[in-house]
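Please find the structures below.
In the two complexes below, chain A is the common chain; its partner is chain B in one and chain C in the other.
The block that comes next holds the complex of A and B.
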């Protein structure tokens, strides 16, 4: 990885050039309904961007997997059924100022999107997107990126990672795409800038490090062999099963596919976000529901993220962003629950006998 | 040990109930607690951070809670209206729940935020509260604290909505509801949403498209708020649950005000008082039925 220096003016010019070329630029901005809050939104000028202010309320997910999207149009004619598929080509877009946890989640989800079937809509957007992430100094008590193998300085999934230094940013050039984006705007990085960036990366890491220790390597295995542990009966008592956690989660990617009629003989097939936290998710046509209560549904959430996905793709399906805890109306707290589970998994079995 | 902790301990020790649903300090402010052993009763708290309406946990569909057995529930006067609603609508048997009501001096808008009640931090639902001294209870605890500062934010929002033309109001709500991702978190967190099968999930016919489109979102939220007319207890759990931060409480309150004007009825903490949705009176206005 190479380092370059990008001045404040250089970044502003770079963004201005992108916008002038009609490239969509998505950045953290102050939320319309609450200026204290931050949302990722397309910007129309560099001044709109509010980078490094606060962790955005929602992840980047909606720019790769929208809450709803049309898969195909259908119409019934005398000759039969006509199907018109949507284009999977996406216009180029640049994401600016995203947090490392949000960016890393895209690579984590790539695994399932390219597994038994290559999801062309997902990868169409992935390939059309250049990602400029920022060193994250925004950690609060719900963050735990360092416990899941990431960190506030992680460049996983980024093309460029910017670290604020005197006069601008130290640009960590991760990919050739990132290098191309910088072309003409950056200059050589000084040793002092590199050292300053290293120091602020360490400080950012310290801010989140103590929230939760790295999950043990055998945690997924322990979860798998404790599927029937009685703890699941009580762990989710306060969970309403509302699924707000899944909506704000950068790695939750489940969707439902439905046909919706526009007229009696034409309509669209759409896919919509779905969540394993609702009863409908597993309801069979027979009326039987294998996950009867929230106990089983919450167990599924934990098992999928920390055992099933890791065993299949060698990835934890969580980047420690803490949004599920922040958005939960029932006060569920993932880092606290993980700590309880890890402690239980490491408890020595009681010695029986004499 | 506080009066509340002592009562919880006693109810559990005497096996009057199997669980006390109350509040405890959590990692980010006060959160719901499920106390099943007398020695855990000391973790119960009641203060201005006790924002949540715990009545939703009495919903028989909360099977993970129902399996614990008979419950006692800690309520504020406003939350007691939800318990009354559930009794009125035969979701909960009065004899099967022990209601521990706390006299209330107001709560915050969010459980994890400010440390004192001010005109900005107090919940908008506390403005004009008439049930600070609860009436539906088995036990009522505490002295009545002074009235909290009045947060006028929502009154102003409603006044602004009233001043709009109907076209402006339509555009306002269309814009707000266009953000809805149809996760239905509002419904799941709501103590008064307890239909076994929600209309939004009926597919034969599909009354409401499940996708997040302006038309379907409007249909969904309109249906929900109309079904809540005169039933909503204004606890704002829907709004707290909404991952898109749509002002669902404002929408519900707007409808509740209309019900009050039309039917002279506000969500009551007396289960024996019939709500407009389940009753007909010869004097009911009906000029809007055409």
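The block that comes next holds the complex of A and C.
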């Protein structure tokens, strides 16, 4: 990885040039409904961007897997049915100022989207996107990226990672695409800038590091062998099954497919976000439901993220962003729950017969 | 073409199996797809009625009969009720084939006992015809099929055909109380029918499909007869949307019914979390 220096003015000019070329630029901005909150939104000028203010309410997921998207158009004709395909090609876009946890999640979800059958809708958008992430100094008590193998300075999934230093940013050039984006805007990085960036990276890491220790390597195996542990009954008691956690989660990718009429004989097939926390998710037409209670649904969520996905794809399906904890109306706190589970997993088995 | 794009199929024939169960014979509208379409016994597809949605069923016809596929369904939910409203010549969507299949290569030169209950005969029937179409490659073929009542038996014309074949041993059964005065088959539940019909597990594979309660009580009978779990095959169903391992709802613990199944051995099922 090479280092370059990008001045404040250099970044502003870079964004101005992208916008002038009609490239969609998505950056954290103050939410329209609540200026205290931040959303990732397309910007029209560099000044709109509010980078490094607060973790955005929602992740980047919606720019790759939209909450609802059309899979096909159909129309009934006298001769039968006609299908109009949707394009899987996406226009180029640049994401600016994303947090490392949100960016890493895209590479994690790539695994399932490419599993034997390639989801071209997902990968069309992935390939059309250049990602500039920022060192994250926004950690609060619900963040735990360092516990899942990432960190506020992680450049996983990024093309460029910018670290604020005196007069601008130290640009960590991760990919050739990132290098191309910087071309003409950056200058050589000084040793002092590199050292300053390292020091602020360390500080950012310290801010989150103590929230939760790295998950033990055999945690997924322990979860799998404790599928029937009675702990699931009590652990999920506060869960209402609302699915807010899945909506804000950068790695939750489960979806529903439904048809919608536009007119009596034409309409669309859509893919919509869905959540394993709702009772309808696995309900059979017969009335049978393999996951009847909330404890089974919550167990699915934890098992999928920390055991099933790791066993299939060697990836934890969580980047430690903490959004589920922040948005849960029942006060479920994932890092706290994980700590409980890890502690249980490491408890010495009771010696019986004494 | 994205992976969620279905092929168009035309309904060539409709066969009413029972008052609420129907079989559709479907052919691809695009002759190039029809020519290249291949599948194996046990695989499934996503069938759709445009404007209503998609639904998951196995392919109920055997791969040995080219030019069409069949699906059998009970009008239960939104899509199956819409499918029931369609007529001959109407168009449906089809994505597939997906999932694994019954290992006919392994079963070759062995005897097979087929056991099915109710609409569970649909996936089993695909394997039965596949085997009967290649009859000389297999030893004894036994079919044990039951339903709650005589009226609930599906594929009746084929049951008659199997009954007349000398190279098939057929045992039909209905639950006590489900018989009619003309009924000549057994009045028993499936586990009893299996116990009374199958004498040996030697050199034999079992293929079983039906309601969970039937499977639960039949597996111990097969075990008692000497069938090892590795030689008992069944096919599981779970609610699915994509059929491709992405939508995240058909998994039983780490096992995805759409990708690792739908065909499993009893030995594999024993190792699954009991959440299905």
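Quick note on the criterion: the second predicted complex is superposed on the first by the 353 of 354 C-alpha atoms of A that agree within 3 Å, B and C clash if a C-alpha of one lies under 4 Å from a C-alpha of the other, contacts with A are read in each partner's own complex, and residues count from 1 in each chain.
One rule holds in what follows: contacts are C-beta pairs under 8 Å (C-beta built on N, C-alpha and C of every residue); 3 or more make two chains touch, one makes a residue touch a chain.
All figures in this text were calculated on a predicted structure; none of them were measured in a lab.
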item: Side-by-side fit of chain B and chain C on chain A, or clash; value: fit
item: First (chain B), second (chain C), both or neither touched by A:113; value: second
item: Contacts of A:258 with chain B and chain C, given as first, second, both or neither; value: both
item: First (chain B), second (chain C), both or neither touched by A:208; value: neither
item: Touching partner for A:282 - first (chain B), second (chain C), both, neither; value: second
item: Partner chain in contact with A:295 - chain B first, chain C second, else both or neither; value: first
item: First, second, both or neither for A:227, with chain B first and chain C second; value: second
item: Touching partner for A:248 - first (chain B), second (chain C), both, neither; value: first
item: Contacts of A:336 with chain B and chain C, given as first, second, both or neither; value: first
item: Which superposed partner A:58 touches (first chain B, second chain C, both, neither); value: first
item: After superposition on chain A, the shortest CA separation from chain B to chain C (Å); value: 5
item: Intersection of the chain A residues that touch chain B with those that touch chain C; value: 256, 258
item: For the chain C and chain A complex, residues of the former touching the latter; value: 1-6, 8, 10, 29, 48-54, 76-77, 80, 90-91, 93, 212, 237-239, 241-242, 244-249, 251-254, 259, 273-276
item: In the complex, chain B residues that touch chain A; value: 26-34, 52, 56-57, 62-65, 67-68, 111, 181-189, 201, 206, 209-213, 237, 240-245, 247
item: In the complex with chain B, residue positions of chain A that touch it; value: 31, 33-34, 37, 57-58, 67-68, 141-142, 233-234, 236-244, 246-248, 256, 258, 260, 270, 272-273, 275, 278, 280, 292-295, 325-327, 329-331, 333, 335-336
item: Complex contact set, residues of chain A against chain C; value: 71-72, 74, 76, 80-81, 83, 85-86, 88, 112-113, 115-121, 224, 227-228, 253-259, 261, 265, 267, 269, 271, 274, 276, 281-286, 288, 290-291, 296, 300, 303-304, 307-308, 311-312
